[in-house]
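Sharing a structure here in C-alpha cells format.
Lettered A, B, C, D, E, F, G and H in written order, each chain numbered from 1.
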Amino acid sequence: MNEKKLKELLTELKNGKIDVDDAFSILKNLPFEDLGFAKIDNHRQIRQGFPEVVYCEGKTKDHVVAIIKKLVEVSDNNVLATRVNKDVYEAVAAEIPDAEYHDLARLIIVRRGEQRKIGNIIVVSAGTSDLPVAEEAALTAETMGNHVERIYDTGVAGIHRLLSQKGKLDEARVIIVVAGMEGALASVVGGLVDKPVIAVPTSVGYGASFNGLAALLSMLNSCASGVSVVNIDNGFGAGYTASLINRLGEKE
Amino acid sequence: MNEKKLKELLTELKNGKIDVDDAFSILKNLPFEDLGFAKIDNHRQIRQGFPEVVYCEGKTKDHVVAIIKKLVEVSDNNVLATRVNKDVYEAVAAEIPDAEYHDLARLIIVRRGEQRKIGNIIVVSAGTSDLPVAEEAALTAETMGNHVERIYDTGVAGIHRLLSQKGKLDEARVIIVVAGMEGALASVVGGLVDKPVIAVPTSVGYGASFNGLAALLSMLNSCASGVSVVNIDNGFGAGYTASLINRLGEKE
Amino acid sequence: MNEKKLKELLTELKNGKIDVDDAFSILKNLPFEDLGFAKIDNHRQIRQGFPEVVYCEGKTKDHVVAIIKKLVEVSDNNVLATRVNKDVYEAVAAEIPDAEYHDLARLIIVRRGEQRKIGNIIVVSAGTSDLPVAEEAALTAETMGNHVERIYDTGVAGIHRLLSQKGKLDEARVIIVVAGMEGALASVVGGLVDKPVIAVPTSVGYGASFNGLAALLSMLNSCASGVSVVNIDNGFGAGYTASLINRLGEKE
Amino acid sequence: MNEKKLKELLTELKNGKIDVDDAFSILKNLPFEDLGFAKIDNHRQIRQGFPEVVYCEGKTKDHVVAIIKKLVEVSDNNVLATRVNKDVYEAVAAEIPDAEYHDLARLIIVRRGEQRKIGNIIVVSAGTSDLPVAEEAALTAETMGNHVERIYDTGVAGIHRLLSQKGKLDEARVIIVVAGMEGALASVVGGLVDKPVIAVPTSVGYGASFNGLAALLSMLNSCASGVSVVNIDNGFGAGYTASLINRLGEKE
Amino acid sequence: MNEKKLKELLTELKNGKIDVDDAFSILKNLPFEDLGFAKIDNHRQIRQGFPEVVYCEGKTKDHVVAIIKKLVEVSDNNVLATRVNKDVYEAVAAEIPDAEYHDLARLIIVRRGEQRKIGNIIVVSAGTSDLPVAEEAALTAETMGNHVERIYDTGVAGIHRLLSQKGKLDEARVIIVVAGMEGALASVVGGLVDKPVIAVPTSVGYGASFNGLAALLSMLNSCASGVSVVNIDNGFGAGYTASLINRLGEKE
Amino acid sequence: MNEKKLKELLTELKNGKIDVDDAFSILKNLPFEDLGFAKIDNHRQIRQGFPEVVYCEGKTKDHVVAIIKKLVEVSDNNVLATRVNKDVYEAVAAEIPDAEYHDLARLIIVRRGEQRKIGNIIVVSAGTSDLPVAEEAALTAETMGNHVERIYDTGVAGIHRLLSQKGKLDEARVIIVVAGMEGALASVVGGLVDKPVIAVPTSVGYGASFNGLAALLSMLNSCASGVSVVNIDNGFGAGYTASLINRLGEKE
Amino acid sequence: MNEKKLKELLTELKNGKIDVDDAFSILKNLPFEDLGFAKIDNHRQIRQGFPEVVYCEGKTKDHVVAIIKKLVEVSDNNVLATRVNKDVYEAVAAEIPDAEYHDLARLIIVRRGEQRKIGNIIVVSAGTSDLPVAEEAALTAETMGNHVERIYDTGVAGIHRLLSQKGKLDEARVIIVVAGMEGALASVVGGLVDKPVIAVPTSVGYGASFNGLAALLSMLNSCASGVSVVNIDNGFGAGYTASLINRLGEKE
Amino acid sequence: MNEKKLKELLTELKNGKIDVDDAFSILKNLPFEDLGFAKIDNHRQIRQGFPEVVYCEGKTKDHVVAIIKKLVEVSDNNVLATRVNKDVYEAVAAEIPDAEYHDLARLIIVRRGEQRKIGNIIVVSAGTSDLPVAEEAALTAETMGNHVERIYDTGVAGIHRLLSQKGKLDEARVIIVVAGMEGALASVVGGLVDKPVIAVPTSVGYGASFNGLAALLSMLNSCASGVSVVNIDNGFGAGYTASLINRLGEKE
C-alpha cells in the first residue's frame, strides 16, 4: 500500500464510504510486503553482471544439479557454484555441457552473462597449499566481472619476492591476501600499500595453527591499517567483497 | 643507488677506473635503502589529506604530548590521536590550544590539513553501549576527509527501525556496522545492501560474549556476502579502511 | 499509539475534526515512520503488563535517570532497570521517589502498571553466591506479572533438599534454574519434572569455571530433555523468557 | 523392599503381629529403593502421548534393534529413535515393518500412541544445510503430539522473506529457530515476536564457525529477549522443549 | 507427611480403620519429603571430626559472621571458613575471640571438635607463589584431623631437592602437589611414588599460563599414573579429598 | 633385581663365590646404572599384584606383540594392554593363546600374577555410550587386584535409579564416576557419599560437549567436595588411581 | 648467482667480452629483479651444507616429484622432503633411485652435498608415540650436517632413566626435547642442564591434551629458564633451529 | 656414597666384617643425595658470571628485600630481580644503595660479578608498547655478560626500516624479536637471516589479541625456519635463552 492508496482510504473514511472499524481493520492488516517492502530487494536489480551463487557443501549431488539447472534457465547471469567435488561436477556437466570445472578451487562456472573485466584486483598468496583458497577468490572475482591479477608463492620468509612486486601492488584497487600458518603476509602487504586489503586466513599449517585460528587472529590484529578479514578459507567471500569495492572505482 | 649510478659503476669498471674486486665490493654492500627501496615509502605521498595517527594506549602522558607536538610541527596534515584519556588531553591542550577532544570516542583531533568531505560512509550501530567504538570509527573517517552519516541505536531486535533507513543505506559507498552482543546487525545490513560492509565487533555484552568474541565469530561467519571484519573495538581500523574504499569512488 | 487512540484518530477524521492530510501526516509519523511498519511493533500492544526495560550497564548516571524519567512519563507500564549501582539508584530516587531498589539483584522497579500475579514460575538456585542472578530472574518475572516462588540454596551436593521440593516443582508451569560451578542442578531438576526448564549459568566458581563457561557448557549438554539455556548471569533474560512461557498457560 | 514385602509388613501390623512403633521404625529405615520411589517417575504417567526416545549415536546396530523392539512391546506410546543411519534403520525395519525412516533428520518413528496435533509450533531455518537439524526438531515435536509448521530457507541475508511471514510467526505458541553460520536468525525472529524462541545452533559453516561455536555464542548473546538456546545440532532437544511449552497452552 | 501423621496412619491400620490396601496406597504415594529421606543425609553422622565449612567468596561480611556464629553454636565440630579477607576476619573475631586467622591461606579456623592427627598427608609445592594454595590445602587437611607434612619450594627445575625427599614421600598415604606455571611437578612426584597424588593447578605464571589453564591441562595429561586433579587454586578441595583417602588407612 | 636376588648376590660375595669387583660391577649395572638409582624404582617391588601396562594407541601391531611377549616372559605379574584394536589382539593371541580380549573396553589381559580381589571399588556410569570408558576403568581395577562393582546406566536425568543404590555406594572405599555430556553425575554421587570420588569425563555428547570438555570442566567445578578428576576418556587412569586408594584400606 | 659467478661477470665486462648494457641487463635480471635484492638472499650462500627443504603436506604426488627432481638438478646440497607418504616416496624413487625414505619420520633424504657431522645435538623424547616427531627432528639435524645423539623413551614418570643420562646431556651444545601428554620433560631437562633447550610438543595424548595444546602450554610455561618452543609436531623446525645454534659452536 | 665407599662396603662383607643383612640394609637405605646425585647440580659451577635471579611478581616487599640482601651477601654474581614495582625498588635501595632500577623493564640489577660483554645479541621490537618486554630481554642478556644491540620501533607495517638494518642483523649470533598484535615481525626477521630467532609475544593489542594469544600463535606458526618461541611477555626467558646460545659462539 503506497502513499496514494493510503490517502484514498482515509478519504473514503472521511466521506463515509467506509466506517471506522473497516478502516482500522484494513490498517491493522497491512501486510509487510506492501508499501516499502518490495523495495528491500530491488537493489538486486543493480547487481547486473553479478553471478548467481550456489554454496554446495553439505548438499546432495542431485540437489546441486537441480539448483544449477534452474538458475541457468531463469537467470541471464553467470552461475558460480563453490565447494564442488569432481563427481558432482560430472553430474552437472551431463546436463550443462559447457559448465567449466576448476578443480583446484573446486568451482563450477557457467558463463551466461556479459564477461566484463573492470578495474584491478590482485590476489596475493603465501604458499602452494594456500592456492585452492586463492583460486576460489580469484575466480569468484573474475566471474563477477573484474580484472584479476595473481601474485602467488610470495611468503614473508622470502620477502624480497614480495617487495619486487610493489609496483604491481600499487596499481590495484583492492588486494586480497591469502595466507595460512601465521598469516603475516597480510600485515606486510598492508604496510606496503594504501589500498584496502582483504585478508583470508587459510586452514593450512602445523598443529598450533588450529585449523586457521592462528592466521585469523594474526590478521585481525594486523598492525597495518586498511586490513579487514573474512572467514577461514572463505575465498569466495573475499572475491565477492573485493568485487563490491572494485566496482566503486568505475565511473558508472 | 639508482639505475643511472649502477650503469656508471659498470662503465667505470669497463673503463678500468675501478677493478673487479672494488666493483664486487660495492655491489655486495649496496644498502637496502638504495635503488628500489626508497620507493617503498613513496606511496605515502599519495596519502595527502590523510591524518597523522598516534595510538596512545600504553604510552605515558609526556610521551603522547611530545609526539603530537612534533607531528603538528612537521606535518601539514590533520593529527588524530586515539585511545586518549581526558587528563592526557588536558596536557596536550596546554601545548596545542585548538586540539579538540571527543570524550566518547576518546580521540584528539588537531585540524591542520584541508577539511574535505568526499563520498559517503555510513556508520550503523546497535546499542548505546556501542557508541564509543562507533564514534571512533565515524570521527576517524571524518578526519580522513570523508562525509560520514550516523545511524545509531538500530539493533536487530527492533528491525523495523533499521529497515526504515534502507534508502539511506543504499546511498552509501561503504558501510561500517558496529555491534556487540551477538553482532547480528552486520548480517542484516549486509543482506540489505550490495555495498562493502566493514563489521566492528565490540566488547559489549553479558557473560558469554567473552569480551567481544561472540560478536567477532558471528561477523566472520556472516551469511551475507560482502562483509569483512576488523578487530574487536577497533573503530579506528574500520574508519581507516572505509576511507580507503570510499576514496576509490572519487573521479581522481 | 494503541488501538483506542488509533480508532479515535479515525473517528475524528470521519467526523471532520481533522482532515485527510492531517490524518495521513499523523499516521505517517507514527513510531517507525510509516503505517506498514507500525505493524511490526504492534504486538507490543499485546504485551500489556510488560514492563519497559532499561539495561544500565555501561550507561552514565545522567543517561539512566533521563531514560527512566521519560519512560515513566510516556508509559502506563511498570519500568524495570537492570544492572543498576546504588548511587545510580539514588540519583533516580531523587527524581522518582517511589522507585524501589533491590540491591542484591541490582534492579530498580517503578510500579505503574497493573500488578498481576498469574501462573506459577519457580526459581531454583544452588548456592548463596548465585542469589543476585536468581533474584534478577525472580524480580523480573514478578514485575512482568507472574506469580514467582523461590527455592534457594539447594545444590546437588545436598540433593535431598531438592528432592523434598519435588511436589512444589511439579506445580510450576516453568522452572528457572540458576547455578554456577558445574551447573549440574539444571540436569537434576530437568530430570525430576516434565516442565520447561530455563537454565542460567552464573559466573560463580573457582578457576576452571572460567567465569561461567563450565556451567554454561554443562547446561547446554544436559542429559535431561526440556532444558534450554540463556547467557551467563542473564537473570533478566531467564525471567523474561519464563514470563512468555508462563503466559501461555492462561486461558486468554 | 518390594510391594509384596511392604504389604506383608502392613498385614502383620494389622494382625497385631508387630506394633505401630516397630512398623514405623522399619518404614523409617527403608533404603531408597523402596516405597516412595516409584513415585519419582510417576510424572511420566502425565506424559501421555510422549514418545519413548532412543538416542542411537554410539550404539551398535543390534543394540538399537533390541531396544526399539522392547519399547514397542512394553509401551503404548510412539517410539522415536534419533541419529539413526540408514543401515540401522533397515535392521529395525526387518523386525518392525511399519517403522518409518526420515533420512534427512535421521529419525525412526514407530507410531503406536494417539497421534494428536495440538497447538502450534513453528520451526524456522536459515539455509538448506540446516535442514537435517530443523527436521529433527520438527519431527520430534510432531511425534510428541504437536501441530508443527515449517518456515525454511529464510536467512537474515534475505530478510524480506522472513518479514513476509510475520503473520504466521505471531500465531505460534513457541518458535524453534535453527541456524548455523552466525546464527543471527534467532535474534531477528526474537525481535519480531513476543513468543518464546528456542534457538538451535548448527555446525554448518566455514572455518571460524568452529563447528557451531560461532552460532552458539551468537544465540546466547542475542539482543532479543525471550530467546533460550539448546546444544549445537540438538534438534531433538529443541523439539522436546517446545512440546513442553506448547502443551501449556492447552486447556487441560 | 511427618512422623506423627505416619504413626497415626499405622495406628489406624492396626485398629482396622483402614485396610492394608489403603495404607499401601497412601504410603506408595508419599511425597519425597517424607519418611526415608532424612536418611539421605545420615552419612553425615559418620563424618564426625569433619569441620563445618563456609566458602566466603562473594558473601558479605555480615553474612559470613552470621553463618560462622550459627555453626559454632549448633555444631560440635571445628569450623573452617575459606577465602576470607582480613577485614572479614576481624568482624568474625569480634564475635568469636578464639577464631584463628591464617592470612596466607586466607582461612579462619574455629577449633571446637577433637583435634586428631591421623595418618600422613604430604603437601608438595613448587614455588613461593604457590604457597597460599598449598597452605589452604594443608590447613584444611589438618583441620579435618590429619597429620600433614609440608615439602615446599621444590620445583622440577631443581629436581635434586625433590629427589632428596623421596624417603618422606614414600611414607605418605596420599600426596597433594600444588604447582602453577607448567605443573610438571605432579608428573614427577607421581612417577616417584605409588601413592595417590592429588594435583592442584594454581593460577601462578606468565601470559600463556592463562590463569592456571596450562598447569591444569598439564596435570590432566600427566604421564604418571595415579594422579587426579582438582580445580585451579582449589586447595580446599585437595585437602578435603586427601582427608577422605587418608582416613581409609585407619583401622576403624 | 628383587630383594631376594640382591641378598643372593651379597651371600655369594660373602661366601667367596664372586669377588668384590664382580659384585661391584653387577651392582653398578643394575637397571638405572647404579645402586642409588635402583632405589628410585624399588617401590615397584611393593606393587606386587600390579600389572605391567602397555598403552597401545599409536603403536604398530608388531610393536605391541613384541612388547607384550617380552613382558609376559620377564614378569610374574598380570599384563594389561589398553587401547587395543581387535586385529592387534588377534596378532597377540597367535603368540599368547590365553590372552583375554575385552572388546568394549579395548583391553588385553594376560593373567599371570596372583588374582586378588581386595576391598571395594564401585564404577558408576551414566549412559550406554560411556560403557567403553567405564569398562576400561573397571577391568583395570580388577586386573590390579581389586574387587569391583558396577552401577551402570544411572544418569542424573533419572536420579531415583541412582538414589536407590545409595546403600551400595556407602560400602565402597572409592567410587569411579564415568560420565559424558554435562558430567553432572560426579557431583550428585559426590554429594551422596563421603568417599573419594574419581571422576572420568568422556567424549560422549552433542556439539557443545566439545569432545568431553564440557564434562571435564563440569567435574573440575563440582560443588561436591571429595571429587578429583582424570583426563577425558582415561578409564585406565581412574582404575589405577582407585587401586592405589583402595589398597590403603587393607590392613597390611 | 654466487660470488664466483658475479666476479666472472664483472671480469668479462672489464675484459670487454660483454658491454655495460649487457652486464646491467644481467644484473637487473638476477633472481629478485635487481641487485639490491640479491643481497637479501645472499646469506643462503653461507648456508653451505644446508639442505633444500620441501614441505609436502597438501601437495600432490606429481607436484612433489617435480619439485624434488628440479632441486636435485639445480642444487649441490642435500634435499630434504618432510611429511611424505610412502606412495609419494615410491613415485620419487622411480625418478631418483638413491632417495632414502625414513618411514617413521616420513622424510625423504637425497644426499648430494657434503655429509658433515659437526658439534653435538641431543634429541630426548618421552614415549614411543613421540618417535615420529623426534626422528623428524633428529634426521633434519643430521641432514643439515650435525652430529646427533638420541635419548629416547625417558619420560618423567621414570625419571631415574633420564637422570642417569645427565652426563651425556651436559655434553650437548643444544638439546631438543620432544614430548606429548603434559610435556613436563622439557622442564625437567631444562632444569638439569644449562644449554639451550628446544621443546617440541607433540599431539600425542588422551582427550584433554587437545591435540598437543596441553604440552604446548606446559612447555611455554616451563619453570626452567633456557627453554624455547616450536609448533606442535614441528620436528623439522626444531632440528633446523638446533642446527643454527649448534653451528655457533664451531670455530669458523 | 661414592664408588670407593661402595667397594669398601662390599669388601667388608666379603671379609665377614658385616653380614648380608647389614649390607643389604645399607644398600637399601642409600639416600638420593649420595653417590651420583650431588653431581646433578654441579653444572651450576659452570654458570660463572650468570646472575642470581629473583622473580618478584606475587612476592611481598619485605620478602623481596630479604631475598636480594641474602643473595648479595652469599653470591659473587650479579643479582637480577624481575617484575619489580618502584616502591619495592625503593625498599631495596634503602638496604643496597647501588642497586640500579630500570623502570621501563621493571628490573633491579645489583652489579657484583665481572661485567663481561661477549658476542652479539640483537633485540628487535615492533612498537613503543613492546618496549618494556624488549628492555627486560635486553637488560637480562646484558646482566648475563652479553653484548646487546637494540633495533626498536621497526614493525612490519613500515618494513623498509627493518630491511635497512639487515646488515646489523647478519652480524648477530642470536636475535630476539619482541612483538605484540599479530607478531608478524618474527617471521619477517626469521626470513631475512639464518640465525636462531627467539620470538617473544607481548600482550599488547586490541581485543582479539586476547592478551598476546594472537601473537603467540602467529609466532609458533612462523613460516620462517629457525624461530622458537617463549611465553607471552617473557622478556627474561628470551634474554636468558639468548645468553645460553650466544655463549656457544665463544672459543672457551
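As a working rule, a contact is a pair of C-beta atoms (placed from the backbone, for glycine too) under 8 Å apart; a residue touches a chain by one contact, two chains touch by 3 or more.
Given the structure is predicted, the values throughout are model-derived calculations rather than measurements.
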Chain whose mean Cα position lies farthest from chain C: G
Chain pair among C-E, C-D or D-F whose interface repeats that of A-B, sharing over half of the contact pairs by residue number: C-D
Centre-of-Cα separation between chain G and chain F, whole angstrom: 39
Inter-centroid spacing, chain G versus chain C (mean Cα positions, whole Å): 61
Distance from chain H to chain C - Cα centre to Cα centre, in angstrom: 55
Chain A: positions in contact with at least two other chains: 31-32, 36-37, 40, 158-159, 163-164, 192, 205-206, 208-209, 213, 216, 220-221, 225, 231-232, 237
Inter-chain touch pairs (all): A-B, A-C, A-D, A-G, A-H, B-C, B-D, B-G, B-H, C-D, C-E, C-F, D-E, D-F, E-F, E-G, E-H, F-G, F-H, G-H
Of chain G, residues touching chain E in the complex: 126-127, 155-159, 163, 181-184, 186-188, 190-192, 205-206, 208-210, 213-215, 217-225
Of all residues in chain F, those that touch chain G in their complex: 32-34, 37, 40-41, 57-59, 63, 201, 203, 211-213, 216, 231-234, 237
Residues of chain B that touch chain C when the two form their complex: 128-129, 158-161, 163-164, 204-209
Residues of chain G touching chain H in the complex: 39-40, 43-44, 46-47, 50, 53, 163-164, 166, 170, 173-174, 192-196, 198, 216, 220-221, 225-232, 236-238, 240-241, 244-246, 248-249, 251
Partner chain B, residues of chain G touching it in the complex: 3, 6-7, 10-11, 13-14, 16, 19-20, 23-24, 27, 34-37, 39-40, 42
